[in-house]
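As structure tokens, the structure follows; a few thoughts come after it.
A, B and C are the chain letters, set down in written order, and residue numbers restart from 1 in every chain.
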Amino acid sequence: MPDLLSNLSLGFSVALSLQNVALCFLGCLVGTLIGVLPGVGPIATIAMLLPITFGLDPVGALIMLAGIYYGAQYGGSTTAILVNIPGEATSVVTTLDGHQMARQGRAGIALGTAAIASFFAGTVATVLIAALGAPLTKLALIFGPAEYFALMVMGLAFAVVLAHGSVLKAVAMIFVGVLFAAVGTDLETGQERMTFGFAFLTDGVDFSVLAMGLFGIAEILRNLDQTETRDVVRARIGRLLPGLADLKQATPATLRGTAIGAILGILPGNGAVLGPFAAYTIEKKLAKDPRRFGRGAIEGVAGPESANNAGAQTAFIPLLTLGIPPNAVMALMVGAMTIHGIVPGPGVMTKNPNLFWGMIASMWIGNLMLLIINLPLVGVWVRLLKVPYRLMFPAILMFCSVGIYSINSLPTDVMLIGFFGLMGYILIKFGFEPAPLLLGFVLGKLMEEYLRRSLTLSRGDLMVFLERPISAVLFIVAFAILAAALLPSLRKGRDEVFTEA
Amino acid sequence: MDAPLDGTSARRGPVRAPQSLVAGLGLIGLGLFGVWASSDLDYGSLRAIGPGLMPFWLSVGVGICGLALAVAGFTHDGHPLQSVSLRGPLVITLAVLAFAVTIRPFALGGVSTPGLGLIVAGPLAIVIAGYAGTEARFLELLTLALFLTAGCMLLFGDMLNLPIPIFPTAVVQAMTGVLPARTLLRIAAGVMALVGSGLLLVQRRSSRREPIEVARHSLTT
Amino acid sequence: MKKALAFGLLAALTAVGARADSYPQRPITMVVPFAAGGPTDIVARIVADPMSKALGQQVVIENVTGAGGTTGITRAAQAAPDGYTIMMGHMGTHGAAPALFKGLKYDPATSFDPIGMAAGTPIVIVAKKAFPAPDLKSFVEAVKAGGASINQAHAGVGSVSHSTGVLFDSQIGAKPTLVVYRGTGPALNDLMAGQVDFMTDQIVNVATQITGGTIKAYAVATPERNPSLPDVPTTKEAGLPGYEVSAWNAVFAPKGLPEDVRKKLIDALDAALKDPTASKRIIELGGTVPKGNEAGPAALQKLVESEVARWTPVLRSAVESNP
């Protein structure tokens, strides 16, 4: 404990220098402003802003970068709530209830709740990293391919619960999502799968492209169909920040979300991606009236948002202690650190204690900055909703195009958002929801890899999934979730399986 | 995927949930397509799963879901087909395509489009997209396009220094040695903002419409 | 806004007066065919900075990803050979690609004007901590004897760890089970956890884990020991002299540069590599800075030709024998 305190005080003495606080603030601010552009998710934001940190000293650069990361993530949630466009996999869940709240004139409350829940989760996760970072890495190494496969299956079971319509349609969408994930060059053999000879499909479909199409463009198309409701939404803008009653309702969800997100974030195999989904599922299962979910339930924002932020934070643990980047954003952070001459890994903590603890302290400062920056900004964002839709959607469309182009510099990516937009529109017209598809897409890719890897390592023995205790438990949980989702509707009149729940 | 346009189909005849039926048929089609598309791939063995195994079973899964939905269309009451409009999807797709082929040279077959850069692609996308709605007004869209594109140019091209093409390739070559790229960018953005402001004034004077809050969009001013 | 405009016009007027025909007159785009933050991107950014200083114009990095780097290189190869588009190629795009991509639209040896080598990133043979063999010789024996019961990790078909790994197997005549990962990170995780037995990878990716003691290194595949891993012997010292391999990064331009432009780029890269901060950073990454006869366009041209000749048979047979 005294160690922890002296380490943290070292960290804060580094992070609280005038220059570093300013850099942290600047990073958070710019990250938020870029990340809020529809079409620009955290990965694109960090890649874009990475070069501006080059001129700084390593500690300052990393502090600014961490600020950019939180800012981008929070900016992404803002876009998810305001215009229903998720910038990354984890904010898909935020669109479900967050955007519904915005449609009901409660955008400010949703944004405020997201900011406060994120801040709380960030604080807890920072303490967790500082206190338990090193011992927790052991947990990371217990998880082998079999456990990850089980984890992904569990994630797909969550996806069924996520949908608020017909269970059958949700399952179909998950299958379609996993099928889409298979497009592209096969990792193990290098063979092209379902690319039809198109060069731009050899690397498969990019998540942002799919998300921007299915959510961004399809949402525009859907809104164009319903002129009346859209303008009613604009007219009603309620209170700007959550009141005490709202916060009281959100608190238990925040606590649970933080715990779930923090634990999953430690897993180096991209466990953090599951955090928001798991939190949402749990909130929906615990709620007295699950029907509120998908229709603007505040727990549906607080839970996933806190899980998201906690996971985003604890994802630094495998990076800083094992040197393994658990996801694409962290891989970018490794690159950034390496450019500054620091290779993250077990040595960082002892070789560069200034940097290590300074960065941890700055995580908390960054979270605080976000709160300071974003609560006043809520008013600005909400006012954006007042802009007439006839001007709003061309602007969204252009930002999506510029954002997608800037990621890979490929015009074909821009064309694909048009294609997926059309597809998303047709899906909506037939009562399918895009969220399970996107989840299937994200988890499907990982799931197939882990499945094939587990079986390669077990030499084709399927029992490996049941012999290993953690994997067996995860499978049982997955089947329990599925049964819980399917049975009631099967019992209560079979119609619900096929039509709206 | 064909989209039936009739939104008022009566619940008569054997079909009790037309939406389910058509959705199911669509999924069956997608499943069959998936089976066909992955038929050239090896299934492998459990010990070394081939690239074709997952796509095949997923397609089968999609097909089975489709079958169940289609059957449900006959056995359960459900939603009628929703009407699908054509204007929105067509115009929006056109806007996206316009952006994609003008931002940089794009070759399709033997034909290549000239790379016109963000300064053309941005306004093109905005103005075309605007006509997807029924309330489009040209001047208003143009104003928005000028402000937003100028903002994006400054933000992405000047401040962040991203390698997004800003100007037509021909202009870049002609101006090489005449003007530094950044100066050109700033002048262009300035001129666009000025013209935009002019347009804004004209529109304010000519009618007493609701004020247009364009400036706030650009996030740069 | 008016102020900016006035300033712009003023700048324009002064610039018109100073028109000159010498290259470069505007920023130069360096295409990096991999995502921002990867080893090639890092080398490119380290080199681009001093190159900008030497050229007097900014060298802007453009990440064009896809198809093992060949998307970006194809695009850059088709750009106008005016010196305003250059690229950072690497072992994969200019060595292994012809063996792996059937419809490749460029020829590494003839479609480019080589500018010069930027950095070598040597390969190291690493194994899980619990692997019993004490040195490289007994390790090689163990891998040979173990046959398919040994698990070798790599980061995907066409990755550096894949190419160099199958080269290792073919040289020692072993046939371990290949376990595929998406990227080095997850492969390294399972290596640390002992799920897989060994892999070959660039030093930059595994150096901290080796010094941290979570995995063990048998040898570096270079003629000399590496400063970031001074205790690890070379393959020659450890008794496997034939296995010398390095992933390298080099700057290329589209074929047909004007002679003066070509010369300026060569000089700029040369100056960049002599820049103390740049070379220090490359070495800190476990990389090597080309010196003497390794630097320059002629050496690069020779390297590309020998690499294509080396990788094509090894990779063709590895990909074809894949179940």
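To be clear about the criterion, a contact is a pair of C-beta atoms (placed from the backbone, for glycine too) under 8 Å apart; a residue touches a chain by one contact, two chains touch by 3 or more.
Chains and their UniProt names: A = Putative tricarboxylic transport membrane protein; B = Tripartite tricarboxylate transporter TctB family protein; C = Tripartite-type tricarboxylate transporter, receptor component TctC.
For clarity, every value in this text was computed on a predicted model and none was experimentally measured.
Student: Pick one for the touching-chains graph, please: line, ring, star, complete, other.
Tutor: If you draw each chain as a dot and join those that touch, every dot ends up joined to every other.
Student: What chain lies farthest away from chain A once each centre is taken as the mean of the Cα atoms?
Tutor: Relative to chain A, the chain whose C-alpha centre sits farthest away is C.
Student: If you average the CA atoms of chain B and of chain C, how far apart do the two points sit, in angstrom?
Tutor: The answer is 36 Å.
Student: When the C-alpha atoms of chain A and chain B are each averaged to a single point, how far apart are the two points in Å?
Tutor: About 23 Å, centre to centre.
Student: Round to the nearest whole Å and give the separation of the Cα centres of chain A and chain C.
Tutor: So the centroids are 32 Å from each other.
Student: Touching two or more other chains, which residues of chain A qualify?
Tutor: 51, 188-189, 409, 452, 456, 459
Student: Can you list the residues of chain B that touch 2 or more other chains?
Tutor: 45, 48, 50, 161, 163
Student: Would you please write down the residue numbers of chain C that are in contact with two or more other chains?
Tutor: In chain C, the residues touching two or more other chains are 61-62.
Student: Residue numbers of chain C touching chain A in their complex, please.
Tutor: 35-38, 41-42, 45-46, 49, 61-67, 71, 100, 151, 156-158, 177-183, 185-186, 188-190, 192-193, 195-196, 204, 207-209, 211-214, 281, 284-285, 319, 322
Student: Can you list the chain C residues touching chain B in their complex?
Tutor: 1, 4-5, 7-9, 11-12, 15-16, 19-21, 25-27, 29, 58, 60-62, 323
Student: Note which residues of chain B are touching chain C in the complex, please.
Tutor: Those residues of chain B that touch chain C are 44-45, 48, 50, 161, 163, 172, 176-181, 183-184, 186-187, 190-191, 193-194.
Student: Where on chain B is chain A touching in the complex?
Tutor: Within the complex, chain B touches chain A at residues 1, 3, 17, 19-20, 22-23, 26-27, 30, 34, 37-38, 41-42, 45-52, 54-55, 58-59, 61-62, 65-66, 68-69, 72, 76-79, 82, 84-85, 87-89, 92-93, 95-97, 99-101, 103-104, 106, 118, 121-122, 125-127, 129-130, 132-136, 140-141, 144-145, 148-149, 152, 156, 160-164, 210, 212-214, 216-217, 219.
Student: Under the definition above, what is the set of chain A residues touching chain C in their complex?
Tutor: Per the touch definition, chain A meets chain C at residues 47, 50-51, 54, 140-145, 185, 187-190, 199-200, 202-203, 268-269, 318, 322-326, 331-336, 338-339, 341, 343-348, 408-410, 449, 452-453, 456-457, 459.
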